[in-house]
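Take this structure, written in structure tokens, and hold onto it; I'll ask about it next.
Letters A, B, C, D and E mark the chains as written, and numbering starts fresh at 1 in each.
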Amino acid sequence: MRAMFEIRGLSKRFGGLQAVKAVDFDLAEGEVVGLLGPNGSGKTTVMNLISGVFPANGGSIRLGGRRLDGLPAHRIAKEGVSRTFQLVRLAPSLSVRQNVLLSLSFGARPVSGREAERRADEALSRVGLEGVGDARVPDLNYIDQKRVELARAVATRPRLLLLDEWLAGLNPTELRAAIALVGSLRDDGATILLVEHIMEAVRALCPRSIVMRAGEKIADGPTAEVLNDRRVVEAYLGGAAHV
Amino acid sequence: MFEARSISVRYGKHLALDDVSLEVGTSECVAILGANGAGKSSLLRGLTQAGLRERGGVIRHRGEDISATNDFDLVEKGIALVPEGRGVFAELTVDDNLSLGAHPKRARESASERRAEVLDLFPKLGQRLAQTVGTMSGGEQQMVAVARALMSRPTLLLLDEPSLGLAPIVVDEMFAALHKVRDSGVSILIVEQNVRASLALAARGYVLEAGRIVGRGSSAELVADPMVAKAFLGH
Amino acid sequence: MRPAVSALACALLVAGLAALPLFVGGYGQGVLVGLMNAVVLASAWALFSGPTKYVSLATVAFFGIGAYTVAVLTETMPFGAILAVAGAIGVAVALLVGLATLRLAGVYFVIFSFGLAELVRQIITWFETSVNRTLGRYIFIDLSATAIYWMLLALAVAVIGTRWLIERGRLGLAVHAIGDDEIVARHAGVDVTKVKLALFALSALAMTLAGAIQAPRWTYVEPSIVFNPNISFTALIMALLGGATRLWGPVFGAVPLFFFFEWLSVTMPGQFSIVLGLTFIVIVFLVPNGVLDLAEKGLRKTRGPNAGDARHV
Amino acid sequence: MLLSTLVFGVVLGGTYALVALGLTIQYGVARIMNLSFGEVVMFGAFATFVLFTGASLSPVLGLFVVVPLAFAISWILYTVLMRPLVKRARHPERVEIDSILVTFGLLFLFQGLFTQAFGSGYTGYGWLQAPVEILGARVASGRVLGLGLACLIGLGLWAATTRTRWGLTMRAVATRPAFAALVGIDENRVARQAFALGGAIAGAGGAILSMYQPVTPIDGGFLTMKALVIVIMGGIGNMGGALAAGLIIGIVEALVSYAVDPGLTLAATYAIFLAVLLWRPKGLFA
Amino acid sequence: QERSSVRIGYVVSQTGVNAAGATTTTIPNYELWVHDVNAAGGLRLPDGTQLPIEVVAYDDRSQTEEVVRGIERLVNQDRVDFILAPWGTGFNLAAAPLMARFGYPQIASSSIVPPIPGIHERWPGAFWLLGTAEDYAHAFAELLTTQKQAGALNGRIAMISIADGFGIELAASARKAFEEAGIEIVMDRTYPLGTQDFATLLSEAQASGADAFVAYSYPGDTFAITRQARVSGYNPPIFHTGVGTSFPIYPQMAEGGVEGVMSLGGIDVNRPEIQDYIRRHQEVIGKLPDAWASPVIYSSLQMLAQAIERRGLDREAVTQELASGRFETILGPIQLVDNAPRDLWYIGQWQGDHFVAVAPAGREGSADLVVPKPGWN
């Protein structure tokens, strides 16, 4: 079987720093995979390469057989890749609903008019933001802004969803609810690549995980196994391995 | 040693912090618990920015009334803040950031000893002294922020979610480091979503809800409190 | 207001404005031309710079290109055809310049656009003096002030209408998102470069036409005359005074400022510069978000807190 | 011929660099886009003229009056006009737009005042025109003085910003003003100092300019524009960069004028400017 | 209704890029003339009565559109009797169709005749008092030829000109005139407005082997060129610069040592009317007039006053009178041919404290040319 999403030999250099070194991995349709690794190991950089923030120095990225590498960010979005950012990024001069409409109007399979409004409200209620469509973005608190970002990402029903520490900054109780939300996206069949430092979330959401260290992939497999890998524990988990 | 009385913070019409009072003892660590949007960050901002507070509140540090002190003078008085979003000088190098941490007069003399201590706490920074902070990963930047605050030789360290985005092993290291910082005589007021770790570090805690203090107690009491457990520990 | 009422009001307004020159004398017609020019340039400036927040000082570059094209082509073809050619040249230059500079952010763009008029002026001058061995050109096209005014009025309607259409449609979302955060817009699927280029070209087209339409008023055109940087600044100030992010903002800035300038040059020509300078400073301090915003705040105060609509435009 | 062209270019660039240095501090550290910068330069020129003709003070001694005066004026301008704008703004972009408008107003105001005081014509005096011979090229000593001062100030500032605590403070405020308070820096004070310092350099530039060139009240705009181009080419707030970019522009202008066509010097300036921006958006030396 | 004054209006650049020129020549002379006329009791009309002048003055801020609107305002709002011309060639051209349409005579005394074929038929009411570019070029070429024949020059010239209507016109005429006169142009460069540094251009001229140098330049450039020439020790036998050379401030550009520098214009300092004019200018305006456009401007206004004295306030009649009449002015008698004067001073030279006329040579009042130019001191 050919994977729906496939990365081969992906590399990125920043000046003298090799942030990503020849990384390969595949995602199957509907799979939720955790991308783990110490701070600065290149996870966000991989996300940025996939979504086209900057071009790679080498390697290929394929979604459903089509090459994404080399395409500009907006083309990649139209191919069906959506993402959230490690620090929330929204358009503050647009209302909450307009933020979602933005990706609906321009992203993959654009819709417009009534249909777009309906889909936007649907996405907002999906993430638990019914009725706040007309609110201004700066009036929302941080977690609600994260929700808007998620709604914007999922409204277009992307083929691949990239979540960069979407769950960070929540207390354990809030985390539960958020995990449930991402879980429901998974249950709807979304393919998700999830960067996260919260092991609880990774264990709950990702049957499989990939671990990076210093730009290299050091482990890839069932999450439980990966998290017991000696190198992963040393580089990344430390004492948290037993938690 | 540090006490705040009747602090309120308002953003436009929205009252984010409503008449909050708290104190922190010498070499004591105090945790603030609260849900998203409860006003934890607003509390830390309210303590450090005179312009943001509503009138009427009083803040005293080591016997001195600092209610009207400019925010930049607070560092000189020994209060260092690591804000939400880190507040590092992203365009400057790690080294510059640390040097800037030692900008207050009280920290200048002992700057080199401090630097050695801080690099001991965060060995990773030692290897990256010449790197521009903005090009570091989120977790690395968080370390720079805490390290920079420590450079100012604070007597009170205010931390707003220091473990946000850190790898598990670093979170452990960071809390280990904070234990050492506390034990060296620095008072800490910490806002942290990682409730378990922060209550392990702190002796006491306050619970904040919708801008008001709704509970307080020793760490043990808080952990045992079923309401706290349900709201913040996920039980 | 319901849409039908607004449409009717707009139609009446335009009809009224079109009839105006029939009731004022020659001087009044000249004033109307100047006024409508200010409205066009401020609105065209805001069409691109308002939502995208790219502060452009290139207005006069296009204005001058328009005027100069007329000067070059005068007597070779009918005025309508000249306008079309001028517009095409303006758009071509805008696309060329835009492709090169629109990836420059913030102040970099400001400075380049500031220099663009100088650059165009130098190149034209160089070409004329070194290749053609002449510089000034004469325009003998007989056009009355009223005819020029009507053309400018039509242009103003077109510019404001375009802006209205953009704001209403999905392009409006894209444009505002670009102004906020280009990365966000890109990742939502917006072809940021294309949108910016298109807006820049549209706005340049209007500026070019404004220059071309008015050129017959001057008889003699040379680069130093038509590339006067004050034109750029005036357009910018007018748009900002009214509120560049609002549909009607530039109009509300252009009209009062134009009459103010006119009044100043009549009553205290010697002190024009000083009073003008003080006026700018006062505006920034007292009307920071534009006249429209000020008016809206005033209304909200009198009507109570719920009257205003939080959404822009 | 080529050698002397290079000498002329360097000398010309020295003037540009000196003026740009002041602007790069103002814009880089205080983050005020000062469109009336050239008018402060003109102030320096007019003040030197007044001192020279009114009080028979030699222009070099005049520097000791003009520079502090320009410092004081800029200090006051920052305190009275700029600070309130910085304070009320929520976003940095806002300050940028507001400062463009306010300083544009100042530009008109200054030009009006200069015109009232000195008329629209040329104001100048003859001094320091004695030629100096450098590598076979004869150059006015006033210009050489300008070049020397530019190098001195440029290198001094460069050393100060990269080597001293004061410089580090400046850079911190320049890049992240909002975070300055976190390390105990009074951002307002530093920005005001920087703005005033930039104004003082502008005053010095004007004084030197007046030594070899008559001026009119509207000459400032041209200077502001050249200076802005140089500032950006050199990297905002980068002293060494401004110095180098100024010299580069001077040399290119001289070379193009000599080898291509004097009518294309400005076009060449902008061509390089654009090339640099596209190749290195943060300036040559970022 | 009895009229109590003659309303005269003008729109001239008091501010902006043109102000430096306009406030040196045009505006002071307009003011001086109004002062002189009113001090003498006012403008004289054919019936012998006198009416004082009432002035309406606007600033065009160096913008063409303002010139156009200002004139419309003078005609339609202020209903002035006569309009004095704006400053500069471009602005006079912008004004010409309007003035023609409204039927006002236009005495442009700060503009050479624009090179439009049949211009005086197109705008019969427009008069161009500074003459044509050819006149200046021929006068200069003739002067050079004479000196070449006398063995004082090698017949080679270096020319630079500003890339502007003025510079291009004069340079083009000069090219033709030099060629006809057999003078070899060894350097021919244009430079843009705003050029501040002439070091490279002058060192090229110096190296060119020409012993005559001509710059068709504007005041700022003229000053810079002079200073640069002095600094680089460039001192050809013939050194001719453009506008600004005849300004009273000019000698200061070379600390007084400008003996022998040549330019356009010039005056006959021995003429009592001119001496008197200079004195009054100094007294009333507070500074000296320049020695090219200023006396021409003043003369043009004397022409207007005399035309009104002969034909009254009827604008059409005054226009006819200007076109065909003969007038007594400080420059001597003037009669226009094809709306331009025939006997102007075309070339002047700094000699002592004055910028004196040297060409056309042999005409009464012309001074002897000093060749070679003495060194810059």
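One rule holds in what follows: a residue touches a chain if its C-beta (ideal position, glycine included) is under 8 Å from a C-beta of that chain, and two chains touch if they have at least 3 such contacts.
None of these values were measured; they are calculated from a predicted model.
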Intersection of contact partners for chain D and chain E: C
Minimal step count in the chain contact network, chain B to chain C: 2
Longest centre-to-centre distance from chain A, chain (CA-based): E
Contact-richer chain pair [A-C vs C-D]: C-D
Whole-Å separation of chain centres (CA-atom averages), chain A against chain E: 75
Separation of mean Cα positions, chain B and chain A [Å, integer]: 30
Whole-Å gap separating chain C and chain E, where each centre is the average of the chain's CA atoms: 38
Distance between chain centroids, defined by C-alpha means - chain A, chain D (Å): 48
Where chain E touches two or more other chains at once, by residue number: 14-15, 17, 163, 190, 192
All touching chain pairs, where touch follows the definition stated at the start: A-B, A-C, B-D, C-D, C-E, D-E
Residues of chain A touching chain C in the complex: 51-53, 72-75, 77-78, 82-83, 85, 89-95, 98-99, 101-103, 105-108, 110, 112, 116, 134, 136, 152, 156
Touching residues (chain side chain B, partner chain D) in the complex: 70-76, 80-81, 83, 87-92, 96, 99-101, 103-104, 148-149, 152
Residue numbers on chain E that touch chain C, as the complex places them: 14-15, 17, 57-59, 61-66, 68-70, 72-73, 75-77, 89-90, 93-94, 96-97, 114, 116, 163-165, 168, 172, 190, 192-193
Chain D residues touching chain B - in the complex, by the definition given at the top: 165, 168-169, 171-172, 175-176, 178-187
Contact set on chain C toward chain E in their complex: 25-31, 34, 37, 122, 125-126, 128-130, 133-136, 138, 145, 214, 217-220, 222, 224-226, 228, 230, 265-266, 269-270, 272-273
